[in-house]
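Just so it is clear, A, B and C label the chains in written order, and each chain counts residues from 1 on its own.
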Amino acid sequence: MFIRQRWYVAALAAELSDRPIGRTILGEHVAMYRNHAGAVVALRDTCPHRGYPLSLGRVVGEHLVCGYHGFTFDAGGSCVSVPGQDRIPSRLHVRTYPLVELGAWAFIWMGAGEPDYARLPDAPWLEASEERAVIAGVAAIDANFGLLVDNLLDLSHETFLHSGSIGTPEVAETPIEVEVDEAARRVEVYRHMTGVVCPPFYANTTGLEGLVDRWQDIEYHPPAFYQLNSRLAPTGRPPLPDGSDDHAFHMKIFYGLTPATERTVWDFWALSRDFAVEDRTVDDFLAKMQAGVVQEDVDALTVLQARLDEGNETTEVSIKIDRGGLAARRILDDMAREELAASS
Amino acid sequence: MFIRQRWYVAALAAELSDRPIGRTILGEHVAMYRNHAGAVVALRDTCPHRGYPLSLGRVVGEHLVCGYHGFTFDAGGSCVSVPGQDRIPSRLHVRTYPLVELGAWAFIWMGAGEPDYARLPDAPWLEASEERAVIAGVAAIDANFGLLVDNLLDLSHETFLHSGSIGTPEVAETPIEVEVDEAARRVEVYRHMTGVVCPPFYANTTGLEGLVDRWQDIEYHPPAFYQLNSRLAPTGRPPLPDGSDDHAFHMKIFYGLTPATERTVWDFWALSRDFAVEDRTVDDFLAKMQAGVVQEDVDALTVLQARLDEGNETTEVSIKIDRGGLAARRILDDMAREELAASS
Amino acid sequence: MFIRQRWYVAALAAELSDRPIGRTILGEHVAMYRNHAGAVVALRDTCPHRGYPLSLGRVVGEHLVCGYHGFTFDAGGSCVSVPGQDRIPSRLHVRTYPLVELGAWAFIWMGAGEPDYARLPDAPWLEASEERAVIAGVAAIDANFGLLVDNLLDLSHETFLHSGSIGTPEVAETPIEVEVDEAARRVEVYRHMTGVVCPPFYANTTGLEGLVDRWQDIEYHPPAFYQLNSRLAPTGRPPLPDGSDDHAFHMKIFYGLTPATERTVWDFWALSRDFAVEDRTVDDFLAKMQAGVVQEDVDALTVLQARLDEGNETTEVSIKIDRGGLAARRILDDMAREELAASS
């Protein structure tokens, strides 16, 4: 049971071109491409003729041509050409999906009815500008959506699973604050580390030395959108009363959690920063670091899913660090129940 | 439910030697070899002692010796030796299958009762001679038999799936004629392209230049035997009234469609031509081209089978190009029903 | 249904270090390591917090630290530290298993209640000494426990499956003697080859030339412990009446048969010899030979399991060489029945 009436990240903007891609999202096969006019298109990745994936075809102008027998579809999903005859049966139509680019990512609406554009995330940092540099990527994980939610809502794992990269002892040692807004469907987890040694990857990219204050403030908007607001500043220098915070370094670490199937998930990520904006070597350094971090998560979650696949009973013991994840589960359950009620 | 009372291609003649091979055919494990006298033998690929595949054993003279404990069988399936004792239990017998070589291929009878030799295909072109050169190969496809039937009965896919090799625009553009002989259990599909540019692979091998007439005449004898009669001639020069056609180039493209299991199939092929008969470079050119074409089919059908494996409902929309394949399905259904009725 | 109230080989002694290993034994995930004091520890390979395998963590002194969130356990399975708080919930406890080193191997007790130390095998040859050299290894086999029992209890397969290494014609030709002690739960299989050509691998390692007497005396203690007593001597020189046998060369080939799951098994082996004890080149020669022999068994049993996985009906025809294996099956059935009765 997927939560469908929400936007999910479907692709990196950079993945959309005149070479179509195929991706399974909420159990459905979706083909995506960018046509000659630059518009992005998502449609069911199944030719109605004999079921061949349209993503294996070619984009010709505004059209997508099936790679098996050449059935050709426009951006609205209508068939405009078939081989060997002029008449086109009306049943040759393919479902399309609303697809919206927001900076580094494209969001898809897999739900019923008209898309609810008000539910698109408000995330200007996803878009690169003179003040912000953005890098992005995606990983396929052989693990279910819930395991990724657990992972991202409890960052104490950084200290152990990511000990070789972003993890420092203080992350696990520092207690968290959790705020849950059931009405707004939002979970926030705050971890403020004060007077700690600057982690190497931040020292490298910011030039900071000595003791720093490091904040990790998670905003999770279930099911699909996660934003980690990271703040780094010389210790003892909080934001000013007027909210300005120019002496600090900020990074937003975005995750798009998109179920592929009931037991697999797409792990989209984007890193947006307000420092070293023009510095491509910092882009490269962060991209490499993040790819390593994501791979550590992929490996761990794959192992956990393999255990689940065995079908044995499992038990959990939760402690304080798990409060964010447990709140997220409650909201996800509520949302699923709500959709089920609405659809019956 | 396989159609059993028919001959299927089981092996290339060149595969049969004193090194046994094992192959799954209609869901049964079959071991095949050629004994010291040159006779080809097919028997159940399971030693009755502990179930080890006999195809992993060795041919010693007229006998096949199991590679696990040395139980030894003659060409009739009788056990003639066991380790550690002289007495041989009578239950140590292995089922054999009639196996007949016809030129490049060996056909097997997996049915009940005596084999019906009248049902062997009449295909002299399978055999190389002074007038004909034959090359042959086989591919395993992770896709069911029906997907391969669909593929071969509708050649408009050449234009798209094989666009880099044998496909030209005219194949998809040219309408087909279909003839179905329900009584003889035969489907014929004709596609005559007139005044078209000679496709590169034919120009290379025939030396023809300029416009040609290209005929693709399919004869499908369900379930297992498919013959594509290809004719290429300078445009406007049909066969003479007496049937002679010496100014044309002919190639027969044979396919043997042999179900391995309910969801996998063997794709045997053979190319027999009446031109450049002595030219080994043409053999090599065609073998490489055909291997590429077959691989494109393998890739496409594997994708389609993966979709079927998901178990979702599928729908099809058929057009005129599908008439041959739809007729083939009807005949295959009739044959299956007939066998079921006969066996109950 | 596993037989649980017995010791099984869980690891090579050489595998146990401060880098934990994970291994599935009788369907359970087990983590094993050697702590800073040299003691070997086995515990359930599942962190009670979120189920991550503890074998992916790190040994820190006497403790094992989970690699996901740092939950830390002592050798008794008690949690001694969690991130972000001081209080440790009492449910954070992990089951431990008795683990005993006997020379080259470590044995585990997966049963209920107190371990029965009297059931540990009496096998001093597992331990290297001035008089004995021991080499050991382990292979994972994609085949069930019963197929490995069959394999080891009937050595006539050496002549065929291992024809390129340890197999000689005499092994299959020589009839066996079988003794079964139902009360002691022991199967013995004797094969005494008299006046045979010394097999090359023994000629290489002993220096013997000409005709020899070669004895292969199996003692199988179901379910888990198998010992092949191999004796090689110049022909016509049996052990002296007082039992001394200094003119012969002895090797004990041990196998530990440890079910991983219902359809997979660990194949532990150890070779202990009383000749060329100091000669490391003989170690290397035998290790390489044995690895090859084990791989041949792995390949054969994997093929047999693949056939079983197809779920088709199977039949067997047994002859005299199978008496040891059939006796072993009877005892294994008895033991399983006995445990079932005791547990209900």
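Definition applied: contacts are C-beta pairs under 8 Å (C-beta built on N, C-alpha and C of every residue); 3 or more make two chains touch, one makes a residue touch a chain.
Fair warning: this is a prediction, and the values are worked out from it, not measured in the lab.
Chain B maps onto chain C through a rotation of 120 degrees [Cα fit, steps of 5, range 0 to 180]. The pairing of chain A with chain B is characterised as different-residue: of all residue numbers used at this interface, under half are used by both copies. Separating the centre of chain A from that of chain B, both taken as means of CA atoms, is a distance of 48 Å. Touching of two or more other chains is recorded for no residue of chain B. In the complex of the two chains, the chain C residues touching chain A come out as 29, 46, 48-53, 56-57, 65-70, 82-85, 89, 91-92. Those residues of chain C that touch chain B in the complex are listed here as 150, 154, 156-157, 159-161, 172-176, 300, 303-304, 307, 314-321.
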